[in-house]
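You will see two complexes here that share chain A, one where it goes with chain B and one where it goes with chain C.
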Partner chain A sequence: MTVEQTWHADADVLAAYVAGRLGRATAASLEAHLLACASCRAGIAPFAPSEQLAGNLAVLHSRIDAPPAPRTERFLQRLGLPERITRLLVVTPSARLAWLIAVAGAMAAAVIAADVSGSSQRATFAFLVGAPLVPLGVVTATFATRSDPAREVVIATPTPGFDLLLVRVVAVLVPAVVLTLLAALVVPGQGGEGALWLLPALGLATATLALASWIPVRAVSGVLGTAWVAAAMVSVRRAPRTDLIEHYIAFRPAGQAVMVAITLAAAAVVVLRRDAFDLIDAGRTQ
Partner chain B sequence: MNNGTTVELAEVTKRYGSTAAVDGISLALGRGVTGLLGPNGAGKTTLLRMIATVLAPDSGAVRVLGEDPGRAEGRLSIRRRLGYFPQEPGYYANLTAFAFVDYIAILKEMTGRQERHDEVTRVLTQVGLDDVMHKRIKALSGGMRRRVILAQALLGRPELLVLDEPASGLDPEQRLRFRETVSAVAEHHTVLLSTHQTDDVSALCQRVVVMDRGRVLHDGAPDALVDHARGHVWVATAPDPGARVSWRTSSGEYRLIGDPPPGAELVTPALEDAYLLLLGRNTSAADGPVPTPGRA
Partner chain C sequence: MIDLSDRSDEDLLLAIGERDRGAFDSLYHRHGPWLTVRLAHRCGDDDVVDQALQDTFMAVWSKPGAYRGSGAVPAWLWGIAVRRMIDQLRRRPSLAYRAANDGLVVSAEDEVLVGIGHGELGPALDRLSPELVMVVQATVLDGLTTREAARLLRIPAGTVKSRMARARLQLREALA
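Entry: the complex of A and B
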């Protein structure tokens, strides 16, 4: 119902209202009047800063229309991770590719480990040699330039490239390692030997990161992965089938100690070379 | 660095193998819009990447916003005040325009969620994407996608805006809007704009740097470049083998650039004529000294 108004606000009052110069009581009275008076609503328009109002409207629409964060991101935030990390993990295709490799690699490792019906020792050895390749693939995929289409935009932001890389690597390396460990545990016949791959895996992954500050990551991971498998094959060439693990030095205590040393040294190099991860071409090709 | 100088390059060189993409360039840039013109392979993108701190020079000194991008602290300080539009920006196509720009805002250290969202909305509105900001990027046109990248470059009102061919793929209306946006930023800050469009340079830039083969051929006001072409542009009814560049216009006449024959009908040169003349001369003198007609 339209009620005819008996009074109208003059231009000075309307201008003062828009500028925020009216007292609270007067402003409240005017607002009540404006709700009912089309004439005064029209009269106020010339005083309203249209650009600011358009901006406010856009902000309002944005807040109303903004879709909620993706489910994965909300889940990660519920785990207590800050938004800058959850968004980083969710949006970048390189992270998704690395996750895919982690899951596929762990499943492949489980299949290898499950092949215990023939020779338990042989299957376990194959698992121990193959499992470190999962983190290696994960690091390579995380690092791969082409997997992050917006990399050049991202690298020009104040967030250091090293921090971004570290978050991604840790985020996919941890699940990859856990999944592969679980794969070893759920398959019968692995026993305590099922974890002997862990230190070589860390050594290979950190060495890849360190060398990738100078050399393209795919070349590094290709050489290291091939060398790892080739060394295993050569070392057990004449070993009895029941004693394969003992014949590969990497799985003996001395070899495991060397892997720890490689991991620590490579980690130190990565930290010292952290600036190299902050440029688009430092030691890495597309 | 002098007062007012935002970007300073001294004898900067960057090589890829045996090719010098940037070959001993020295420049000092200040507030306003500086246009960077040059053919493909001239070294424009390499130069902009070094200024945008994503690429290190092989030799020479770079200072941006008073900082040395070769040092981690300097790089961080620059990146906090930089907006960058790379030549091949790349997107996360499954994200909405809003989510993508919001992600970049997070990386630009805008931690307050609501303030950040308001800033994201502001820049997307500024580039005319307020109606489609919640659409996935893959559903947007090529011109809109480029405006998404321009929006992220405008986050936080950067002191230095480095734009590498931002206007390619924009329709005329979008280009006008782009010019409005860039000129508004340049009132108080420095904009470095690489483009193939001489009309963008004429419309926007107080200064133009022409590059070819990694070197600077001209550095000065666009009008100074145009002045250099006076007396070297003419029209005729047939092509002239003596012209360095010629083409048939919509009127059926030929527009020719070079050294005119006696009695030629000279016309007022445009910036594009001067640019083509300069490049033509540089091509002719490829193995000799590079002429620098625009330099004082």
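Entry: the complex of A and C
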């Protein structure tokens, strides 16, 4: 394959090339020559950065020994997402099949329970109150760092904490919201009733994130989730069975508008306090 | 670490196809150094160089059969390496491909060292404007297609072609 070379670069020339001291034309000639000349290629080795080379070989050995990237991750990479993002996405709980099955199972249980309980108004109400707890729980599970399988990756990643936060919030919320929306299609309810949970869910999840910049996220979501359910139960205590939804302020137009306001305000807080999330990702929340 | 193996590159690739780690290490010791140096001349960022080099050898490890036997193994390796470097640079908009020995137009040391001048070619290359040098380097020396060079240099493909034509004209005039 290789044509015998009649000319060889001596060590001084190779050293000068490695150090970047050759002029353009000479460097170009030498590079063309190197492609064809094994002995000059070998002559480069003594001047090449040996520590860097040894380090890269060590990384190569560990990459060869590492299990191949999960199928979902390779798929995301083919879509053009950089590896540092895809790695985070796949270690985010929502990307795991088991996790999706669990959420889907919870939704199915809610739908079945709704069917069994007979009274359609009551079932819809139970679903509407329960549904916002799913995204809330998902966000909490993702950022309660002790149980977060992505924690080590997050700490080691060069991406700013806030970008990570956004990527991961989207990654956990989208599947949860889609699944809940699917469940909402099956739950009995008239017109748009089945979607009334969506704005409260957004409000609760973003408010949790915003408050999590001051208070541990588990405490926040525990208090907000309990308050949400308690308020629902108190407000319908005296209500007629057929008119439960109208009695919970959060499901009336005014309440929905308040949820929008809470979502926007919380999102603003999250953006303003983005530096606080670097600390959260470093594991300080616990 | 000097590679003592006297097996040809082609033999090493065959052995790598049979998951031979020793053959992989031999190939790395043989080609890692010059690839690293050449990549470093194209981009000053160590991280990009490391990633591109690792990705190159990972590609070799996972698909040694991609080498079809046309052309020499070193040129094949460089073709992979420069494209992996492009991938890295695309993810880091703040970094750029650069001309080797940019700003260095010293031919005196070369003549002393190499003992040969390049006739009129050296000075002619040195006189090309930096944009033209980049295009010549990317396409002629690094073997990229017009489209790849365009993406690498972040300019339209038509601009690559017109700059290449201008470079050709200037070199021809200088050598006439």
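Just so we're on the same page, the second predicted complex is superposed on the first by the 169 of 286 C-alpha atoms of A that agree within 3 Å, B and C clash if a C-alpha of one lies under 4 Å from a C-alpha of the other, contacts with A are read in each partner's own complex, and residues count from 1 in each chain.
Operating definition for what follows: a residue touches a chain if its C-beta (ideal position, glycine included) is under 8 Å from a C-beta of that chain, and two chains touch if they have at least 3 such contacts.
Predicted model only: the values in this text are computed from it and were never measured.
Is A:Pro216 touching the first partner chain B, the second partner chain C, both, or neither of them?
neither
For A:Gly255, select first, second, both or neither according to whether it touches chain B, chain C, the two together, or no partner.
Neither partner.
Taking the superposition as given, does A:Asp275 touch the first partner, chain B, the second, chain C, both, or neither?
After superposition on chain A, A:Asp275 lies in contact with chain B alone.
Kindly classify A:Arg21 by the partners it touches after superposition: chain B alone (first), chain C alone (second), both, or neither?
second
Would you check which partner chain A:Gly225 touches, where first means chain B only, second means chain C only, and both and neither mean what they say?
Neither: A:Gly225 stays clear of chain B and chain C.
Taking the superposition as given, does A:Pro175 touch the first partner, chain B, the second, chain C, both, or neither?
It touches nothing on chain B or chain C.
For chain A, what residues appear in both contact lists, the one with chain B and the one with chain C?
54-55, 59, 63
For the complex, give me every residue of chain B touching chain A.
49, 52-56, 72, 75-76, 79-80, 82, 84, 86, 88-93, 95-96, 98-100, 102-104, 106-109, 111, 113, 117-118, 120-122, 124-125, 130, 133-134, 149, 152
Could you pull out which chain A residues touch chain C in their complex?
1-2, 9, 12-13, 16-18, 20-29, 31-32, 34-36, 41-42, 44-45, 47-50, 52-57, 59-60, 63-64, 82
Which of the residues in chain C end up touching chain A in this complex?
Where chain C meets chain A, its residues are 1-3, 8-10, 21, 24-25, 28-34, 36-38, 40-41, 46, 49-50, 53-54, 57-58, 61, 72-75, 78, 91, 99-101, 104-107, 109-110, 113-114, 118, 121-122, 125-126, 133, 137, 141.
Enumerate the contact residues on chain A facing chain B in the complex.
54-55, 58-59, 61-63, 65-67, 83-84, 87-88, 91-93, 148-160, 164, 275, 278-282
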